[in-house]
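After this come two complexes, each holding subunit A, first together with subunit B and then together with subunit C.
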Partner chain A sequence: MKIKNKGFWIAAFTMPCMVLFALVYAAPIVTVLYTSLCDYTTFSPPAFTGMKNFASIFGDQDFLVSIKNTLIWVLLQSVFHVTLGLVMALVLRRKPKGWKIVRTAYMIPNIIPTAATGVMFTLLLNPTFGIVKPFLEKIGIEVSQTPNLFGNSKYAFWTVTATWILYAGFNTIIFLAEMGAIDKEIYEAARVDGASPWQLDRFITLPLMRNIFGTCVTLASVAMVSQFDIIYMTTKGGPGNTTLNLPIYLYKAATLENNYGKANAVGTVQIAVGLALVLLIQRLFREKKEDAR
Partner chain B sequence: MKNASRILKYLFMAFFTFIAVGPIVWAFISSFKTYAEINSSALSWPSSFQLDNYKAAFQYAPIAKYFVNSIIIVGCSVLVTVALVAMCAYIVSRFEFKMKTLIILFISASLMLPAQAISQPLFMIFQKLGIFDTKLGLIIVYSAMGIPMSFFVMVSYYKTISTALEESAYIDGATFLQTFFRIILPLAKPGLVTIALLQFINTWNEFYFALMLTSGDTARTVPIALNYYMGTFANNYSALFAAVVMTVLPTIVVFIVLQRQVMESLTAGAVKG
Partner chain C sequence: MKRLFAAVLAGAMVMGMAACSSSETGEKASGSSGSDGSAQTEDSGKVVLNVINYHVGTDYAAEYYSYLFEEFQKTEEGKNVEFNFEEIPTTDAYNQKIKLLISSGDLPDIVFNGGNNITELAAKSGKVADLTQYFEEDPEWKGLFDDTSLEFNTVDGKIYGVPVSKEISYIYYNKELFQKAGIEAPEVAYETWDDFFKACDALKKEGITPVGMDTADMGWLTNLWMSALIGTNGEAGSEWMNTMYPDDFNTPEVEEAAKTIQTMFKEYTTDDAVGGKYDPMATHFFNGEIAMIPNGPWMIPDFSQTEKAPEGFYDKVGIMLMPGKGMEMVPTPGDMVGASGDEEKIKAAVAFLKFETSPENQIKALEMTGLQPVSNDLEIPGELTESDPLMAEVLKIQNEAAVTYGQNQAYWYQNTIDTFSTELPELAYGNITPEEFCKKLTESAAKNQE
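Up next is the complex of A and B:
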């Protein structure tokens, strides 16, 4: 194409985007990486100290628990959300009665503000007026005191997990969209050859979902590496350190301890963990693709 | 055998529908109960559908103001993101130039950047620029946050538009701007709607930056209102029920009305991004 002043328009059209990017992403990332190596608090400007912050966080039991929890949640979320999303999509794909209602209803927890989900579960599971007490009474379990599911270190981790692990509506619609894109003639041909519905899913639908698996697992991991809202609204990482993860640990370092150097060292680790996971997932799913050939 | 699997299928569907909407329905019903009723039984109906909890929620926190803030901040950030991405993605989808690989690399790297990691420097930068705790500050962050996903959705959308129209426009002597505004943008409308919706949902629900970058009522958004209630009215549960319902309901209504569009946007964002 012959365009007058092409170079000028290219610059003019990409510049605004890039300027915003530099301000909100590039400058902060450089700052995070640099000040993670500094003594830096609300009251003192950054002063270079080398690996001190990293040495201090890796010596902190709470930080190690944060990493461990983050990784467990990544793993659980990847496995459960992808499996659940896939099964739900396989069920809804054949359009059984009421499938549209189920699809919409199941999507709702994924589109409401996550902070609201957190508040809702704190209310729902409250030991005095929540549903735990009547539920235990109904199924005939007698307890002297209704358990506080978010407040008791025995249950807190799994209670927090339960607030998101079953809600795979987003993955469901991704799988449904992908299944909708499969050529109908493939199914027709297989059906003519006498394949059962189960065989159609097993030998046609599932193999064609392979590409999208990687996407779904990546989405689940990225979401869990930065999962903050629900934990903040329910347990704030407690009781003790049972529900701490990297974002909550970072938030506490920055706002409660006012230790910016430490917070940014955690930020550096968080970025590294996120990046490592994404690369690992890409690798895993690429190799699978090659095996299939 | 066939019947058993059908029953199983419907049980599966019913169970997940129930756990998806159950808590919301429960909160909705409870929001009409009095404080005493909430405390006496979790599973009873309210004696009357009184609105005292809603009145209390409005009284204790400027929730109406938070709604206005949310609408302004989200509205502006949708406009900015759509405008910037419409321009930048067009250039990247059509032309070859030196910085192109670099731009794509930057944008794809930021796709998986955890928000919390960059929040402390942003906090400092915003304080220095005097936009901490302002609507402008949140608009800037949200606009930037929306770029990565929208960018890839838009690039792939532009690629579906044939270049033949543009070429003939240029042969007829049209300028770059005329071509972009008169020919490209009208054709790209569905793509723009997709990214606008995507941006709307993500920013309307955003919590972390709203928490980090505001300190007063001037810029607080709706999700943050909940945090405010949790802290201030820890014992006034009945008002909290009303507050939750008010935060959740608008999103649900918008979702149900624009269902097909929203689902398409979210899927596009996930798959292309």
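Up next is the complex of A and C:
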């Protein structure tokens, strides 16, 4: 069906969201952008100082580490986490025995508050009374000291990563919904032509998942740019700066140094990183879409 | 057009999500007050005081403060006062809220001090009342406080805080474990740190973990050990540990203390000390899994609470000062009065603080919460020796202290305390040297001068 004035209708339907965004977010964002250029602490109202805050943060090794960690987590989340969600969806779509239980169980980590997940992991991995010591003993590994997975910087980054990277239930549900929308006749036609289940996935399902894959990658990346609670609950960015990311760095600048100008400079960088990622991912998947034509 | 529209939508999405964390700052800049700063004298003639109270629920002083508010309203000064409470459980949440209100909002009429030293922050914001004249008008009340306690609550020559207690800490030890290791605890303190570590070796030889330490949540226990190591290291150490907002941590005394702390993590504490919080360490002590833990008198009530410690644990606990007869002793940051501009409310709030710090209520606080009286020459009731011998011992042993010093949560910059907590694991595992550890603290303190 041909719709007249399509652009008008798109604008009309998205307008409430855009107005809401402008009201709720635009003003704080403008404040963040402006005060990032100011000397602004608990003691002093904002006073314009130019790029001083940016020079300060980019000269701080901890800030550079927090950017590096944020980007590594974005990459891991976009690639590994989303792919895991897709693989789970492909498996569950075949409805193997017990698939409903698995689907439900796989969603459980997504409905547990992240603060509770953080506490749970710190207790589970406690070197004295957690599961690490008995596990190592069970598999016959003798160590003089039980590895302190959150406490030792050798393991902390990957331990914190493990608290969320495997739980891709949200992505699985999105992929399953998209797979359910694929016309069954396409599969039937392919089966008639003698396609194997692997070939059905390889040549029909996966190509049709490209758009939703892009959406999942965008959501996963942006979520990682603002990941805060579980890191705060488990390591607070430590040991040292091993698990420091942009939101934790921002939080510390605001609440421990009482330096709101500096914190807002970090916020500005965070917004810029997030925007750049979204545009990059959009471009990446648009090109792929064009390739497919 | 389509591309532009998509880009705007994408921008909206990322800003929405990124602003989730950046709003922390925005909130600080524009958050509203939880209390009404306007005059609230009711038609009935009662003065309504807004109070944000964190002494609620399971807080160690919840019962005591409930008693205080109730009893105050029975006094001549308090009979026309009503309280409008906002309850916030946990000191962390409370401190965040107060800092938010200092930054952008109105403070309540009575501003409890939640442990963090926010006196200067509050005073400089102009949102708390100058109490100097109230002290001058009532010499008897002023006489309850020593100069150190008042100086600690003075900013630019004006008194803003009313100190309600003194903070002291020392070592609790498990008599049974000492006996098992065949060592006798000193009556007051080990003469030197060497003697202390000899005792630790003896305990270790018997398979007993000597000391409790931690790193998370500001590393309270390790902070007490570290403060003691610095504070008892000669005159220079004592002076450094009594300095407000130190900014040079690369001094011989601090580096030496960091080195000893590194050894203590490696040799004398539990596996979960690194990354661990205070609570599990306290549980180790209650369960007889560690022999010594540093802490203050507020821990004493826990020894006889069967939901925390085994039956009869109270009798197994002994007290000693830090080696060299050292004891952490700091005046507490005091409670303050919001500068509401309403004289009636300020007077009523001051009257409450006078009631809170009356000699009778200081004793009541000691009995109910373990908080040490801020006044030096209070008469301690004789029955305390019978009802709470450990508390009586605390009162006795503190007079034996040869050296007193502060501790980091009272004297250091907040971000430096955080750096201490996050860098301790690196020090413990030898990923950084004691000198590097101290350098990181120095760098962290320097950020406050930016």
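Remarks
Here is the rule we use: the second predicted complex is superposed on the first by the 269 of 293 C-alpha atoms of A that agree within 3 Å, B and C clash if a C-alpha of one lies under 4 Å from a C-alpha of the other, contacts with A are read in each partner's own complex, and residues count from 1 in each chain.
FYI, contacts are C-beta pairs under 8 Å (C-beta built on N, C-alpha and C of every residue); 3 or more make two chains touch, one makes a residue touch a chain.
No experiment lies behind these values; they were computed from the predicted model shown.
When the two structures are aligned on the shared chain, A:236 is found in touch with subunit C, with no touch to subunit B. Shared-chain residue A:101: touches subunit B; no touch with subunit C.
By the touch criterion stated above, A:112 is placed in contact with subunit B alone, subunit C being left untouched. In the superposition on chain A, A:146 contacts subunit C only, with no contact to subunit B.
Using the contact criterion defined above for the overlaid structures, shared-chain residue A:85 touches neither subunit B nor subunit C, since it reaches no partner. When the two structures are aligned on the shared chain, A:279 is found in touch with subunit C, with no touch to subunit B. In the superposed model, A:214 lies in contact with neither subunit B nor subunit C.
In the superposed model, A:131 makes contact with subunit B only, not with subunit C. Of the two partners, subunit B and subunit C, it is B that touches more residues of subunit A. By the document's definition of touching, both partners, subunit B and subunit C, reach A:226.
Touched by subunit B in one complex and by subunit C in the other are residues 7, 10, 14, 17-18, 21, 25, 28-29, 31-32, 35, 122, 126, 128-129, 218, 222, 225-226, 228, 246-247, 250-251, 254-255, 260, 263-264, 267, 270-271, 274-275, 278 of subunit A. Contact residues of subunit C toward subunit A in the complex are 1, 5-26, 28-30, 96, 99, 102-103, 121, 124-125, 215-216, 270-272, 274-276, 280, 414-415, 418, 421-426, 428-429, 431-432, 447-448, 450.
On subunit A, the positions that touch subunit B within their shared complex are 1-7, 9-10, 13-14, 16-18, 20-21, 23-29, 31-32, 35, 87-88, 91-92, 96, 98-99, 101-102, 104-109, 111-116, 118-124, 126, 128-131, 133-134, 166-167, 169-170, 173-174, 177-178, 212, 215, 218-219, 222, 225-226, 228-229, 232-233, 246-247, 250-251, 254-255, 260, 263-264, 267-268, 270-271, 274-275, 278. Residues 7, 10-11, 14, 17-18, 21, 25, 28-29, 31-32, 35, 40, 42-43, 56, 122, 126-129, 145-146, 148, 150-154, 218, 222-223, 225-226, 228, 235-241, 246-247, 250-252, 254-260, 262-264, 266-267, 270-271, 274-275, 277-279, 282 of subunit A are the ones that touch subunit C when the two sit in their complex.
Contact residues of subunit B toward subunit A in the complex are 9-10, 12-13, 16-17, 19-21, 23-24, 26-27, 30, 38-39, 41-43, 80, 84-85, 87-88, 90-92, 94-95, 97, 99, 103, 106-107, 110-125, 140-141, 143-145, 147, 151, 163, 166-167, 170, 175-177, 201, 204-205, 207-208, 211-212, 222-224, 226-227, 229-230, 237, 240-241, 243-244, 247-248, 251-252, 255-256, 259, 262-264, 266-267, 270-271.
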